[in-house]
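Quick one: structure below, then a few questions.
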Amino acid sequence: MSSIYGRNIKISIFGQSHSEAVGVVVDGLPAGHRIDVEELQAFLKRRAPGINEYSTKRYEPDVPEILSGLVGGVTCGAPLCAVIKDTDARPEDYDSILDSPRPGHADYTASIRYKGHNDKRGGGHLSGRLTAPLCIAGGICLQLLAEEGIEIAAHILSIGSVSDASFDFVNVDAEELKILKQKAFPVLRDDCGERMLDAIMNARQDGDSLGGVIECAVVGLPAGLGDPMFDGVENRVAGIVFGIPAVRGIEFGNGFDSAILRGSTNNDAFYMDGKNVKTKTNNHGGILGGITSGMPLFFRVAMKPTPSIALEQKSVSLSEGRDIAIEISGRHDPCIVPRAVPCIEAAAAIAILDMKVAASV
Amino acid sequence: MSSIYGRNIKISIFGQSHSEAVGVVVDGLPAGHRIDVEELQAFLKRRAPGINEYSTKRYEPDVPEILSGLVGGVTCGAPLCAVIKDTDARPEDYDSILDSPRPGHADYTASIRYKGHNDKRGGGHLSGRLTAPLCIAGGICLQLLAEEGIEIAAHILSIGSVSDASFDFVNVDAEELKILKQKAFPVLRDDCGERMLDAIMNARQDGDSLGGVIECAVVGLPAGLGDPMFDGVENRVAGIVFGIPAVRGIEFGNGFDSAILRGSTNNDAFYMDGKNVKTKTNNHGGILGGITSGMPLFFRVAMKPTPSIALEQKSVSLSEGRDIAIEISGRHDPCIVPRAVPCIEAAAAIAILDMKVAASV
Amino acid sequence: MSSIYGRNIKISIFGQSHSEAVGVVVDGLPAGHRIDVEELQAFLKRRAPGINEYSTKRYEPDVPEILSGLVGGVTCGAPLCAVIKDTDARPEDYDSILDSPRPGHADYTASIRYKGHNDKRGGGHLSGRLTAPLCIAGGICLQLLAEEGIEIAAHILSIGSVSDASFDFVNVDAEELKILKQKAFPVLRDDCGERMLDAIMNARQDGDSLGGVIECAVVGLPAGLGDPMFDGVENRVAGIVFGIPAVRGIEFGNGFDSAILRGSTNNDAFYMDGKNVKTKTNNHGGILGGITSGMPLFFRVAMKPTPSIALEQKSVSLSEGRDIAIEISGRHDPCIVPRAVPCIEAAAAIAILDMKVAASV
Amino acid sequence: MSSIYGRNIKISIFGQSHSEAVGVVVDGLPAGHRIDVEELQAFLKRRAPGINEYSTKRYEPDVPEILSGLVGGVTCGAPLCAVIKDTDARPEDYDSILDSPRPGHADYTASIRYKGHNDKRGGGHLSGRLTAPLCIAGGICLQLLAEEGIEIAAHILSIGSVSDASFDFVNVDAEELKILKQKAFPVLRDDCGERMLDAIMNARQDGDSLGGVIECAVVGLPAGLGDPMFDGVENRVAGIVFGIPAVRGIEFGNGFDSAILRGSTNNDAFYMDGKNVKTKTNNHGGILGGITSGMPLFFRVAMKPTPSIALEQKSVSLSEGRDIAIEISGRHDPCIVPRAVPCIEAAAAIAILDMKVAASV
């Protein structure tokens, strides 16, 4: 198993849904950067469960304890380790799943992979809980990027069949992104957000769940970041984003839509904006040949509906080798998309800071 | 720049569109496997340019010369290096682009990234030509996987707005994939293929180009391959697939479509098929938690339209700092999707063999 | 900074001499192995300070808290994180060194490397304290290797000019190594050990320190482990052993002595021992071409004398830019070689388990 | 097998002693550096066989063909691939060793490792011939380092029991190193060199071989390069140097000698030299805590005697499982130490440029 990501900024994530703690080591952080712990805490709160009606009732305050890497609040060049202790675990909720894999979950595949020794409580290491340490690492990277004027924010582009507007690919700016990050329910059009919340409530009442799409923007990136082939922005961002449970797809710029366009429409014309080279449209989403163009960077991530639903489902008894029906008790989000928004921002921040550090070569 | 991919099977790709040669080193191939050079050659021919009316007129026979790694046609455990010499280059075709970046191409971003020293002839290292060595490495990996009953094949799911049928996610089998790989134009429904060819011809007549979507299937995979977080099947496959020029998005299983479903529909029910655990549907595309389930693996890749078109486009003169109009001469594919099909298969094969080798731990 | 080592078994070490905690994440441990925590604790005790007269008076019980990776004492495939909380730190002892680098220490180089932001208390991340988490990881790897009959033990070959006997390169066996590991002062000839202790006491009385050489043996290794070039046993072992502070050199087999021999003497003749191929002598120390031969593996590590001594030394005031004399207070080992013995065993165990996992390919 | 080294500058070496070609891909070279091919050729000539009486009679002009990575002689940011074609192979010389492993060679271990499929001609990938591509990569890195005033040179410190003087650890400078590199037989004291040559000739007459020690110096390095733990200068340099066949040990600064000193003698006092911090002695060899101090860097490498000797030796017949006597025919160096000198320089250059690129973060 490799829960380690990165080349220059390397993160190593550990913990299981109900282990003593979950946490992360961030290795390679440059020295001399002050970390605002309150800001980090505020960032983590956006991911934390239990804070509103559409998320799981499991309440984890998610207060990270920083064990190393800071001196007087400033990075000292040594690996930073932060842990979150488990405070509200109820592992008994998961007793029934020990023998019967939950549809849509990794219970079955993990059991094969780890020969039955995987931690079965709450999905073990394959739980969404592990996005908490991802957000710690990402929250720190976001602060370092912000020092250089790079802002990252995401919004919910759709929940089920309810859609928000897209970013303005050409004109989105840092201010807009900062405002977006302060929203309790991060959408561009609040009326769309309300309809999304309705859809979530409906799904919950039905004992069901919903997926959605998250759209992420990065502004302030210099041109010339990334490399062709296997170190492109897309490879790097995809390489970490697929580490977030429930992600099923990723696209950059106009992505799958580009496949139905002709080249004359899809190509973005260059022009001079004073002394700067820009493009009039931004179908390329800020990346050409794996390398940033200086235009805003965009990508979208598809998230499947939470597999944990209250409805009865069909599964098997592994021990008895026969089909059975199961019901999943416990506390679960009818839609994890809102809580995944900061995770996507975190993942993007880690990938980009890692590339940025390499690019200063 | 890192044109190296992999952890156990590592490939290192080199060359530029018009350098002496392009090639690849494959490090870590297990010893004792016979490589069928004719079969490899046949595989490469599917990617080769100049073989039919819808591809560039540049003709490269793409005959690889294997410099090391084989003894008597059998892998000896040493790194295998194969090169393809450049035989039909006409670098003068690209003179006009040296100062004016082609819209949709990486000319501008590469120029910034490499401070103007990048090889500008034909896109240099950022050319589709580099998929030839990718296919050499992939073709070899395909042969090793086939020894264990693992088959990989892709088809053109759409060109512009013309669509093929999808694979049968549950019932696709190795025989179907083998047949598919022998088709000159790899689609499931040949009538759809004919309409795709019409669309390509129309675009060419208009001096324009088209993109499309490729769908890839892998059958015969054991359950339990891959890891959660950053070593999942998705991370690994995406990490190499985005190395293919023009790829803009990737999705696994039902991908972006899962985002509009409810959990009760998207979850795949488990059942016992004799002594084997299977799922009745296969929305998960053979991967749960980054780990294979033993069901067929599916993913789809969006490719943008070839940016090289015959129409006049707007660009800038980098030296003069002013807007200009450009026309791109040279020989270009109106649609690279058909030739990208074996590249996607190759990329998948490399990623999966690399994981398979690691999983034998 | 990269305090991450390994390819398949990856360890990520964090902490500073006086941070909240030091610890390690071990990523990639195969699932299903019971970890004997008492045995681990006993192993760590061999490295722990404060336990006898020749080591620093700083007393750290070094009780690791395992935060993740075990379920019911058995590895679950998820990354294992273990931390040791700081319980007896006296950072004030180090006030005087903040401006004046201690000769032989990394105070100066770390200050340049981390632009003055490095944790200066007790050497920060560059402290011998970080060998505690190395020993946690190594102690776990030792247990997994022992399951397969692989034993690793080291002894003090010399302290200053007092030498112990060498291992019998051909006949050393697992029993001998197990006995060696139970010795309070690990030497092959206890009379040599007593003279070493005298030498250490003399150095202490003089306010001075001593270095030494550690010799490590590994028995039970299969032939065929490792690879030529950059993944050889030597590269891998050296790559981790040099992570232990004060290590200045490493040699395998007869090492530097081989340089004065003729080939006819240095070559080890092969012979058949029943059905097994063995060598009559073992100058090659169990490695030929980076690959194990099945003979016992040997290497020796040179450790410089502890740079912290009580005598007055010459240094500079970095702030004032002038030469000064300094005295180092605080509690320091007059000789860290005895405590380094388990660290060397730990490092070897990590390197070998990492290779072993890769070799099962 | 991993014949890939490096993190930012990555080299991938391929080829066997008698394959079509040997070569190297250098990935990550910064763009915009002119490579002087004649200088590279002159550097390679120092390693080339057949050029004088003490080396093998096999003559390989070792003229590299650069297939990619340069445009007009200047690095373009794309991976550089260089190959050397095999021109004088006589594989029949090795027929007798196919069944009987040569003592001191890796024939036996490679056969186990690669299940009998390894290329047995001339040691295959485990041949000293593979240092030719190492020297190509290193020769290029040396040129890039020289642009920044960093010079690397090594000399033969001893052959058998004949010793040269050591470098002056404190005062060695770039001029001295440049002169050293132009010597046909690189020693500091030519009279010692003559006695070394006598010793080699004597060994050859006896059908025997000799080993030796090489001492390497690096001047012009800035302070602050490298990292503690696993990315230290020592780890990195050792990680590549052990890739050179016949290397048995490495030590930095005063190395193993430090183990017999007291701290008061071994510690190097700091002093101000104008505005620069220097040390009066240089026992630390330019590295403290894995990080460069700005003082000259030193290391020594032990090389065992060439295992190929003309004398009869004892081995086994693998097929018959019985002891036999063998004689090795073919052309072999009685002492490879002189030819290994540029290899050590090359290895150091690659490791240091790789670190330097990372350190510019």
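Each chain carries a letter (A, B, C and D) given by its place in the written order, and its residues are counted from 1.
The rule is simple: contacts are C-beta pairs under 8 Å (C-beta built on N, C-alpha and C of every residue); 3 or more make two chains touch, one makes a residue touch a chain.
If you're wondering where the values come from, they're calculated on a predicted model, not measured in any experiment.
Student: So, comparing C-alpha centroids, which chain is the farthest one from chain B?
Tutor: Computed centres place C farthest from chain B.
Student: Which pair, B-D or A-D, has more C-beta contacts?
Tutor: B-D
Student: In angstrom, rounded to a whole number, how far apart do the mean CA points of chain A and chain B lie?
Tutor: 26
Student: Between chain B and chain D, what's the gap in Å when you average each chain's C-alpha atoms?
Tutor: Averaging C-alpha atoms per chain gives centres 39 Å apart.
Student: Between chain A and chain D, what's the gap in Å when you average each chain's C-alpha atoms?
Tutor: 46
Student: Can you pull out the residues of chain D that are in contact with at least two other chains?
Tutor: Answer for chain D, listing residues that touch two or more other chains: 1-4, 13, 110, 113, 125.
Student: Under the stated contact criterion, what part of chain A meets chain C in this complex?
Tutor: Result: residues 1-4, 10, 12-16, 19-23, 25, 27-28, 31-32, 65-69, 71, 74-81, 83, 110, 113-119, 124-125 of chain A touch chain C.
Student: Show me the residue ranges of chain C that touch chain B in the complex, using the header's touch definition.
Tutor: The contact residues of chain C facing chain B are 7-8, 30, 357-358, 360-361.
Student: Report the residues of chain D in contact with chain C in the complex, numbered from low to high.
Tutor: Chain D reaches chain C through residues 1-5, 13, 101, 103-106, 108-110, 112-113, 123, 125-126, 130, 158, 160-161, 203, 206, 208-213, 223-232, 234-235, 238-240, 242-243, 245, 247-256, 258-264, 266-272, 275, 277, 279-280, 283-284, 287-294, 302-309, 311, 313-316, 318, 321-323.
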